[in-house]
Amino acid sequence: MINKKVKNVQEALADVKSKMTFMLGGFGLCGIPENAISELVRLDIREVTCISNNAGVDDFGLGLLLQNKQIKKMISSYVGENDEFERQMLSGELEVELTPQGTLAEKCRAAQAGFPAFYTPAGFGTEVAEGKETREFDGKMYVLEPAFKADFAFVKAWKGDAAGNLVFKGTSRNFNPNMCGAATITVAEVEEMVEVGALDPNNVHIPGIFVQRIFQGKNYEKRIEQRTVRQKQ
Amino acid sequence: MINKKVKNVQEALADVKSKMTFMLGGFGLCGIPENAISELVRLDIREVTCISNNAGVDDFGLGLLLQNKQIKKMISSYVGENDEFERQMLSGELEVELTPQGTLAEKCRAAQAGFPAFYTPAGFGTEVAEGKETREFDGKMYVLEPAFKADFAFVKAWKGDAAGNLVFKGTSRNFNPNMCGAATITVAEVEEMVEVGALDPNNVHIPGIFVQRIFQGKNYEKRIEQRTVRQKQ
Amino acid sequence: MALDKIGIAKRIAQEVQDGFYVNLGIGIPTLVANYVREDIEVEFQSENGVLGMGAFPFDGEEDADIINAGKQTITTMPGASFFDSSMSFAMIRGKHVDLTILGAMEVSENGDIANWKIPGKMVKGMGGAMDLVASAENIIVAMMHTNKHGESKILKKCSLPLTGVGCVTKVVTNLAVLEVKDNAFYLLERAPGVSVEAIQNATEGTLIINGEIPEMAI
Amino acid sequence: MALDKIGIAKRIAQEVQDGFYVNLGIGIPTLVANYVREDIEVEFQSENGVLGMGAFPFDGEEDADIINAGKQTITTMPGASFFDSSMSFAMIRGKHVDLTILGAMEVSENGDIANWKIPGKMVKGMGGAMDLVASAENIIVAMMHTNKHGESKILKKCSLPLTGVGCVTKVVTNLAVLEVKDNAFYLLERAPGVSVEAIQNATEGTLIINGEIPEMAI
């Protein structure tokens, strides 16, 4: 067993630098690497490019880096929950590359799996396809999208072990597995670190080979964006 | 819950016809759809094209269809365990398209996921790439490989439910998940049919949306090709 | 009388057939789930990674790890599954989802849809909408027929940046049910009490009216 | 004295470093696992869908559902995982596997390898070899230096259909350890008691001999 365990978030992010490109898992505030984000704020890393489906909310998630003006460029599919984001974008302070959600996921997976680019129908005929190669297959048009390149991927899992194996819970899985192994270094934070051998090999969602560092996360807030409930009769 | 359960293999394969293209899961004899293969022999379907990593052995798996001369064309990556296969191929009776194993898997996954084709480095500079489009990305050469098209995918899972959800065991998983949803109709046979709700939603390997028919298989032989063991001291 | 949002959702719910896997967009489409006939089997997919969505959780039982694409807390039905984003869009791109219902700011007579951006003013992003409309074969749009200034959103040509081209098959508005084909909107049904003339006046795109147009039965 | 298969496996095992994920081909490469130093951590991947392979099972404990790419029954180590073929080749194509060890019928001085077909005579197929050699950056070939007629298999140019081009980094044969670079085989080590001259005679490709060539320490 190759040991990927590091002591804490400080050790995991010790070599993170300004101007790097990061991938961050999560959908909205669900499944985001809260510890890594806090550490990026603390380290005050600047001018970074973030690949993440959303940009958090004003006072949580990637919104914290936005408030702090640490982000130079965001690559996301949806940023509707963040006023500061919209302000920085419309004013031109923040560079934004909006990417269809399925394309975003597959650009991660392509990087993970060694595909240089792929053809997808998403965005054909829209401004997303402007300047990109398009091509017909079987009478349908597709856009060529290159794989992402990133320095670090920060992902959050439910359970993990020292071998780097990860298991996700519910919809907090989302982009996290697709980002593992898609950057030069993948850092996983987990809610619960379990003994090696405790995870069922049949139900490991991400094998440790895709993860370079893993640590036991702490103080998870796991904020809910839209608390929708019904009342018991 | 959309019910995919059919009574038995006869019902599941009732509309299978000669000259169709089939995908069959399994690696060697591990994880092959034994019930579907037996039924194809019984129905005496002819001139079929089979997409399967291997071709079974002389007297088991797809070897049974070969003995019976039901197969017109095989698309496989490795056929080394089958004398009848080699005989039919060298004599020209059997058309064979040898495809690198990772390419074979991804041609299935591309069909499942709606990708028309993909670029892979496998086979560049070899006869596998002859007549195919090649292209350079970042200084490395890739071959364009189209997605498979098939009429039926026959897969075998360990457990499944009426919703079509599947769970696989050990290395009998192999190509089975990649073939689900990659053909017009996916037929899954399972060793154990469980109640809907019994599978952990976090550990469903293939969601039921990729499966059109599911049935409780029977009489699994699960033959071992290379029984390698060591002795207890 | 023109429909309200719930009316639109109720009418669209009639389009959902037995055995359908359905993806519901944010807004009115989300409401559709509440009005689907109870004697048919349907499964709802949400592109953030769940198949088999159920109702909202009971107060106190919500789970931050179980949400839909609108970031709302949800529950799951027996037979549900969770998966990653790549597999979620494999379902969508691979045409395994049978019906896509989403909102729009504009729709044009050739089936184009615009719903993600107002240049210089509003940029929320396309989320999964571009993937959905580029692949789905059965796309129903839920929208108001006109904007708050009374201007038609059912157009000859979209003025806003497109989400997808030539993809919309049906539109259900507060005024009408329209089928999109052959570069025109075919009027299929009127909202209760709404005249054909009122629909014609609210429609900028080519409107085809064949024979008597029935009222919606909701 | 020339090495036997076990000797070749033992020598290759020395190339395996701490923290390596290793893919072992069928034949001699499979034997390498038995001789890796015990004080380092290594995980073995098999392309049929397992990471963290262990030893063969005890007699009676074999499981038809748990095999390696050679179709042999195996066991797994703590921390192992199973996955589908697509993910398995994501590991390989995505360069997550650090070292690939496989057999060959021919290797040429520019790093080409042929190991899957003898036209008109033997066609077993390439299995996962073409994917492995097209992506791996560290490829060691385990093979006999000559065929049964004494003809060199270490060539200027392969005569058989290729498996991959310009990809082999090192070759360990029964006679020598060779590094492949700059269109030549660099002789690094001799098998115990085998002379440089004997190696030269058995090598058709360009052989570079720099200084004193040490014997392998096995």
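Just so it is clear, A, B, C and D label the chains in written order, and each chain counts residues from 1 on its own.
Simple rule for what comes next: a contact is a pair of C-beta atoms (placed from the backbone, for glycine too) under 8 Å apart; a residue touches a chain by one contact, two chains touch by 3 or more.
What you see is a predicted model; the values in this text were computed from it and never measured.
The pair with more inter-chain C-beta contacts, choosing from A-D and A-C, is A-C. Per-chain CA centroids place chain A at a distance of 36 Å from chain D.
Remark: chain B and chain D have CA centroids separated by 28 Å (rounded to whole angstrom). We define each chain's centre as the mean of its Cα atoms; on that basis chain C and chain D are separated by 56 Å. Looking at chain C, residues 50, 82-83, 86, 89, 92-93, 135 sit in touch with two or more other chains. Contact with two or more other chains is made by residues 109, 114-115, 120-121, 168-170, 173, 201-202 of chain A.
Chain pairs that touch, as defined above: A-B, A-C, A-D, B-C, B-D. Taken together, the chain A residues at the contact with chain C in this complex read 27-31, 53, 76-81, 86, 89-90, 96, 98, 100-106, 108-109, 120-128, 158, 168-178, 205, 222-232.
Within the complex formed with chain B, the residues of chain C that make contact are 19-21, 41-43, 45, 50-52, 76-83, 86-87, 89-97, 135.
On the chain B side of its complex with chain C, the touching residues are 1-3, 109, 111-115, 161-163, 165, 181, 196-197, 199, 201-202, 204, 207-210. Per the touch definition, chain D reaches chain B in the complex via residues 46-50, 55-74, 82-86, 88-89, 92-93, 112, 116-117, 120, 122-131, 134-135, 161-166. Against chain A, the residues of chain B that register as touching in their complex are 114-121, 137-138, 140, 142, 146, 167-170, 173, 200-203.
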